[in-house]
Amino acid sequence: MEIILCPLVIALLKALLGNKINKWIMSVLSIATLGLVIKVYFEKVAALNSGIWQTLFDKPWFSDSIRFTLGFDGVTYLLLLLTSILTPIVISSVSDNRHKFIIPLILVMQSALNGVFMAKDGLMFYILWELALIPIYFITLLYSHKDAYITTIRFFIFTFLGSLAMLASLIYLYLKTGSTSFSYEALINVQLSLKEAILVGGGFLLAFAVKIPLVPFHIWQADTYTNAPAQGSMMLSGVMLKMALYGLIRWYMPLCGESISYFQPAIMVMAVFGVVYGAIIALKQNDMKRLIAYSSLSHVGLITAGLFSLTLSGFEGGMLQMFTHGINVVGLFFVIEIIEYHYKSRDLSQLGGLAKHHKLFTILYFVVVLGSLAAPLTNGFPGELMLLKSIFDYNSLTGIVAGLTIILCAVYMLRMFQLSMLGESEIVMNKIDTVKLMPLFIISAIVVYIGLNPQSLIDVIHPSIQHIMEDIANSKGVLS
Amino acid sequence: MNTLSIILGLPLLGFIINGIFGSKIPKSLSGGIGTISVFLSFIFSIMALPMFIENPEYTIKLDLFTFLSFDTFNLRVAFTLDRLSLWMTLIVTGIGTLIHVYSISYMKEDEGFYKFFAYLNFFIFNMLLLILGSNFIMLFFGWEGVGLCSYLLIGFWYKNAEYGKAARKAFIMNRIGDLGLLLGIFMIIQQFGTLEFTTVFEEINKGTVSVNTLNAIGILLFIGAMGKSAQIPLFTWLPDAMAGPTPVSALIHAATMVTAGIYLVIRCSALYVLSPIANEVIIWTGLSTAIVAALIGLKQNDIKKVLAYSTVSQLGFMFVALGCGAYTTALFHVTTHAFFKALLFLGAGSVIHGMHHEQDIRKMGGLKSKMPITYYTFLIGTLAITGFPFLSGFFSKDEILTIAFNHNIVVYILLVGSALLTGIYMFRLLFVTFFGEYRNQHYAFDKVHESPRLMTLPLMILAVLSIFGGLLNLPHYLQHEGGILQNWLKPVIGLTHSGQHEISFNTEMILVSIAVLVFVTAFILTRMRYISRKQVPQEQTPTGVLGIISNKFYFDEIYDLIFVKPFETMSIWLQQVFELKIVSKISYGIHDILRFFGGLNKKIQNGNIEYYLMFMVIGVLILLGFNFFN
Amino acid sequence: MSLFQNLPLPFLILSFITILCALYVVTSKNPIHSVLALILTFFSISAHYILLNAQFLAIVNLMVYAGAIMVLFLFVLMLLNLDKSSEPVKSNLWGISAAICAGLLLVIITASFQKAGLAVMKSSAVDIGLVKNLGRVLMTEYLVPFELTGILFISAMVGAVLLAKRDNKSEEITS
Amino acid sequence: MLGIFQNIEISHYIYLSCVLFCIGLFGVLFRRNAIILLMCIELMLNSVNLLMAAFTEYMGDQNANGQMFVFFIMVVAAAEAAVGLAILVMVYRNTKKTDVSFLDGLKD
Amino acid sequence: MIGLSIIFFSAIIILFTGIQKPEKKSKNLTVFSLLVAALFSLFENLEVINTQTLFAWVPSSMLDFNNFRLSMVALVLFLSAIIIGLMPSSEKKGSDLLGLTLFALCGGIIMLGSNHLVMLFLGIEILSIPLYVLAGSDKKNLFANEAAIKYFLMGAFSTAIFLLGCAFIYGGTGTLIFGEMQLKVGFAAHFGEFPILIKLGVILMSVGMLFKISAVPFHFWSPDVYEGSPNRVTSFMAIIVKICGFVAFAQLMSNFEPMHSWYIKWLIPISGITILLGNIAGMVQKSVKRTLAYSSIAHAGYLILFLLIPYAENAQILFVYSLSYGLSTSVMFYLIDKYSTADNFDFTIFKGIFNSNKLDAMALILAVLSLAGIPATIGFTAKYVLFSKAFEYNQWAVVIGLVGSAISIVYYFKPFKYAFVNENLLTNRESSLFTNILLVLAMLSIVVFGLIPGIIL
């Protein structure tokens, strides 16, 4: 419970104190949540090895059947860790003249996201899922450039429509429980016929597909990322997308396991198509943010495909990649924010030659780029390896097509790095304050650490993933 | 302390020290650190040698920690030093040391001096990772790592956008190969459930796996090798990679990294022995590369480009050997090639240094007198590569030719042609650069100078090696119990069927004579043209067949046309048209449809109460009508 | 056929007059004529009430409707000085569609009665419509609504006054 | 007296009321003068009154619920007429018209 | 009952004592009496005070306030207090308008408590007749005139239709009392076929009630009348009329529950069309008031979904939904009234509100989120309880509702386009402390009932 409340309290503090408190203090304060997450982990570490979703907190909310239940296991822990690592970083990237409202909004969003990852009650999951949408909507709306209204409203409606479908599915399951309870255990025990499962599962998938986003549902994404302030893009791509991927593993698959085999081929095709599609579009983008947006499309497509291969390595690789993609993409947006702040442009055709201005910045930037293109010894590699392997196991053709990402990703990532940093420059630049690079340094450190020792994360999630896979297997078993 | 960890750790240490403190310490110190770390690594490898000589089966293992465990198996960070990897380690660290020494002087004036040494050390580390890794993933780590270092080093002078493009091209071409390798690895996982070399090869030797699967794995792995070792169709990056500083070209693009593909195939010899189709693919790819690259080399005017194409061509030779199953021979050629190609590159670097960064051979000439050491060492290198009898290249190339003859006469003839071309372009290079008259107006002949001692010393050492390198694996007719290398590798490469035993001494002698004849022909032809007639390569691009050759068979343009352009066009089209015009329009279209209905409602809601009443009555009618019909 | 066998002649005649007057109300071009026709209609409806044993209702109907409400209408017509000339005319098309709508409504209602058939009810003629009985019911059972009509009237009265009175200050008409 | 009415059935009154109601409704749709509209609505109310009275009679409702309802309808009709005419007068003062179709300033 | 009495007497007092005084002076008294009445109704509901003896003379068959009805009465009184308290009062006009509003409220309460068709009819009329007047109370404004005459004519017309329905029902069941009616219908249900009189009666009465809650196709009056009427009246109409009208409708229909499967067959399409039309037409509006009118039409569609649920089950959720709708809509109308000018009802009126008045901006955000049904506001609670219950009975109707909710975002969020623009806006007035307290109360209710809905569920 304190994991959810802590960011809210900090947000309130900021809202009350206003300008008296600057972003660095906020950033440091928000690390408190990270501390709490780790504390809970060490309290529960023994129990987590069973893989069962531990209950941390449980109180009636709407009524006895709709409870405020918080769960905790390896998967949850990993995502909470991601959220609480990223939030201070995102906060520290806020530029000085606009921190008044954006920081509380980010913190509120963090709180909601923490709730989503811990929610053990169907309706609670939905409510927090929606709640997380509100701060990001306002972040994008308040701090976007012109013409942003249409983009943000489109983003909002798309995701909202998807989540309403999920709500319908949840209610259907709720009515089917017999005990009319929204608890995870009750929902997971519901037995559906194939037709029901397809409809219910379709609702879930729609919500997740929009948010992930899978290819036909990605229309909102590029514009939103481009128009949103860097912090918005960071929160969106760094954590928000993970919500949907998490939802696939935790909610869709165990709850509607009967429908997986029905949707699997279509989702695989969409996801793998998205991998190539996003990568190809990213090849020639000149707007750095748009480029990252499309690359993100490509990366999450890979994760989705991995998850839908329904193999242990796909799941674990997917989880790992969620974490690393969160770190990397936030790193990249951080870099863009720095470049845009100092050079007043993020257009690749105008940038260039920034490398000579600040060596450390160049190195850190390059490390993050390497992480994104999954070079060995960086964090992108192990996840991508496991994902590609699982996709290849599912079908060698999809594996090969998805594998194109390692080529295309290298092409556009290096192009971006090169056009922005290398070459000769005529740009007048402001001096980059080295202190500002501290968060980027932390990101790079994580990139390398995970690159060297991904097993430490796998160990955390392994029991939980196995437990979830058992649930999925049970759920599918009903059919046969 | 495990020997292995020292061998591996020293270059890494050098990298870290140079990387972090490089900018703070003086250049000589950072150069020294870089060199010494590699040299010590070399020394430790040599120190390990006696144990290996005593016991053919001896291996050193280093098992660190689990990198990743998924599904049913663990991927461990583990290293193995056996005879094969020791051989490679010696080459890498040995040549590496020389090139480090050379670089201290060559890069003296560069502002990124410490960075350069950091990269070099990191490269050596990655190369060792590749060689010493005890499973495919470690190999892949090193594999990608050297690609990365190659990217960094090619694009070392980052302010030049062209160099950056070349670096990117190298990285991407390598990545294409990497994809093949990765897919091969996945297939191995599927088939064997493990990635440890030893286990995999044991499984293969049991013969349970179908030939088709092995062929498929073999070809996929070979695609990886194609990328790294610059074979057709993935070879175009290597000549472009010459954008990097010359020591880099010598180290990475001649002596070590490009041979990673050869190493991979040798390492997987157990697999390739059993996959005939993969072997055929390797032979023909290697052969065509050998010929095409040699042809292009004929018409190049950049001193480093000629050497680059020569490298590609020689790698083709090695692959032909591999395809024929002569793994020892290939490794032998790797070794000798490392000697003389490093020598040639460093010599070229010396020339460039002396000419103050002039690389066009048309602007050289007559350097013999000004740069004697460079000239003589370069001469030795040229003779070695063109197969002057009893120099290192003679033996190794001759072995390959013999094996090719044994395998397929057509392959042999084509390969001989390629060897002839090698002779021609190498002598052309030598003659045009060092003989004749000085032709550069912009840089006075007087200013041309011999390189400092630190640069010529490695040249001399390499020259010696190039001369005597052949001793490492003397052919059958000189050493009956088989060459040193052949015996050395026997425990590692189980099933070798080298061709030597199967042909008679006479045939062998004929083959040797042909090889010598080829050398002589090449020498005479070139000498006639460039020394006797004092011809100089023309400025303007030739037409016809020669035009095609001098334009590198338009490989770059064709790739541009069929891969790069379509992707770029598609990228722009997808974003500008598909995303914005079509997909986006659909979402707005829904909005528009809704707005259209909203507009319809505006017509109904027209403010006139009569209409309202009428619609209300119609509503009542519909409701009542519903009741009536229900 | 049964409709014509035992024709309740007085009823038919009365109905005929009622309908005729009603039709005149809606079709007459002159509002004054309409009002007068409406008063006639009310008279005939009162006659129906008598047929239905609702004697008190018949009187009240005459007093309230014909006497009070219709006079009010007339009064307003006079006040506004409306006559035939100021009467707006609608197009034929509109008239036809209105007629179709009204006709359809009639057809549907009567048809559904025809289809389902009505339960035959029989009059048990008692003096329920007399003022004595009605007064008792009104003062016992219907006491609350009877009192609540007070609210209705007071609000209607206040409202009517509020709207119809002239303001002292002559403000600009805004639109 | 009662004899001649014996043949009148409840359905007759229902049909009569419906006819009257529909005539009123037609008037509402057809006419544009607000006062006539109001009169047509009164006509509709009266048809309902007639029906109520008829039902009371034919069901023999001792409490005369239908007739009570008629009283209240009359009360309401009176109040409505008062308010409605007041509104009309107000509108007429401002626009000098009682034609409803001219009042279409409010629309989408 | 006690609430009704308090309101009636305070209305009389205000009317007669304040007829010459400006409205402003009576406003606080009005709000106070409304709050007191709400409190007393609540007490009555919780049986803190016993009113049995006080109102012993009232025949319970006519006007019967059970627990649910009392809570609805308290709610309606509370909402009226907020509406009237938030809206400014004119300096020029007399207090008679406030008195009329209270009279109309009496009608609403009667509708809520009615147990008899006559009572229901009287309630409707007592509610409507003052509203006809109030709609036109801005006498020199042509739009107000037009609104009044439209509302009046259509209202009277629908009353006539409603009455025809009443007559048919009377003929079909022989009674006007709800309880007896239910028995008769239940009796008829045993024979399978329902008498045609009852069916026609139900349809015609529904038309009358659907008109009051402005469901399609009887909604035509509402956009025009809402736009033309003075803001306070619009707010009152949109909230009180709709809530009272619907609750009365639901109670009426509960008598015909044996015919449930029959009448939902035509109510579901009406609900669906209402939701879609309300939301789609709302998208294209320029005026905020008109947009809210269409929003209220859409909400009528959602309300009709309650009829899918058996009456016994939906009492609580109907209360929550009404509270949610009332709170958010009243806050919206308050803001519209505060920032609009006589000739500008565009969304641009909210330009820069975030810069100049944080409280109002927060209120705007909360009201909009609540109307749109976003979690953590009472709007979500209400929509959730409605949809989850209705889902049991008809999935597709709920799906249409969900789609409608998504469409509604398009126009609900339009104020945000301007709210955060970086410029100061000049409002024509400052809100008094009292108003602000009420506003904060409303905002708190929106949030608290959204976050911890357990206390009202």
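The chains carry the letters A, B, C, D and E, assigned in the order they are written, with residues numbered from 1 in each.
Keep in mind that, in the parts below, contacts are C-beta pairs under 8 Å (C-beta built on N, C-alpha and C of every residue); 3 or more make two chains touch, one makes a residue touch a chain.
Note that the structure is predicted; figures quoted are calculated from it, not measured.
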Requested in this report: Give the chains in contact with both chain A and chain E, ordered by label.
Outcome: B
**Report entry** Of A-B and C-D, whichever chain pair has more C-beta contact pairs
**Finding:** C-D
Query raised in the report: Greatest Cα-centroid separation from chain B: which chain?
Result: C
**Report entry** Closest chain to global C-alpha mean, per-chain Cα centroids
**Finding:** A
Query raised in the report: What is the distance, in whole Å, between the centres of chain D and chain E, each centre taken as the mean of its C-alpha atoms?
Result: 27
Requested in this report: Quick one: report the Å distance separating chain A from chain C, using the average Cα coordinate of each chain.
Outcome: 70
Query - For chain B paired with chain D, centre-to-centre distance based on mean C-alpha positions, whole Å - result: 98
Query - Length of the line joining the C-alpha centres of chain C and chain E, rounded to whole Å - result: 31
Query - Multi-partner residues of chain E (each touching 2 or more other chains) - result: 118, 122, 125, 129, 132-133, 136, 139-140, 142-143, 148-150, 153, 157, 199-200, 223-224, 281, 284, 410
**Report entry** Where chain D touches two or more other chains at once, by residue number
**Finding:** 10, 14, 24-25, 28-29, 32, 38, 59, 61, 68, 72, 76, 79-80, 83, 86-88, 90, 94, 100-101, 103-108
Report summary line: Note: chain C residues in touch with at least two other chains are 94, 97-98, 101-102, 105, 109, 112-113, 115, 118, 141-142, 145, 149, 152, 156, 159-160, 162-163, 173, 175
Requested in this report: Please list, in label order, each pair of chains that touches.
Outcome: A-B, A-E, B-C, B-D, B-E, C-D, C-E, D-E
Query - Footprint of chain A on chain E - complex, ascending - result: 369, 374-376, 380-381, 384, 387-388, 391-392, 395, 398-399, 402-403, 405-406, 409-410, 413, 416-417, 420, 452-454, 457
Query raised in the report: Residues of chain E touching chain D in their complex?
Result: 117-118, 121-122, 125, 129, 132-133, 136, 139-140, 142-143, 145-150, 152-153, 156-157, 159-160, 163-164, 166-168, 170-171, 174-176, 223-225, 227-228, 281, 284-285, 290
**Report entry** Of chain B, residues touching chain C in the complex
**Finding:** 610, 614, 617-618, 620-621, 624-625, 627-628
**Report entry** chain D - residues contacting chain C, complex
**Finding:** 2, 4-5, 7-16, 18-20, 22-27, 29-33, 35-36, 38-40, 42-43, 46, 49-50, 53-54, 56-64, 67-68, 70-72, 74-83, 85-90, 92, 94, 98-99, 101, 105
Query raised in the report: Quick one: in the complex, what on chain E touches chain B?
Result: 149-150, 153-154, 157-158, 161, 199-200, 203-204, 206-207, 211, 216-218, 220-221, 223-224, 262, 265-266, 277, 280-284, 407, 410
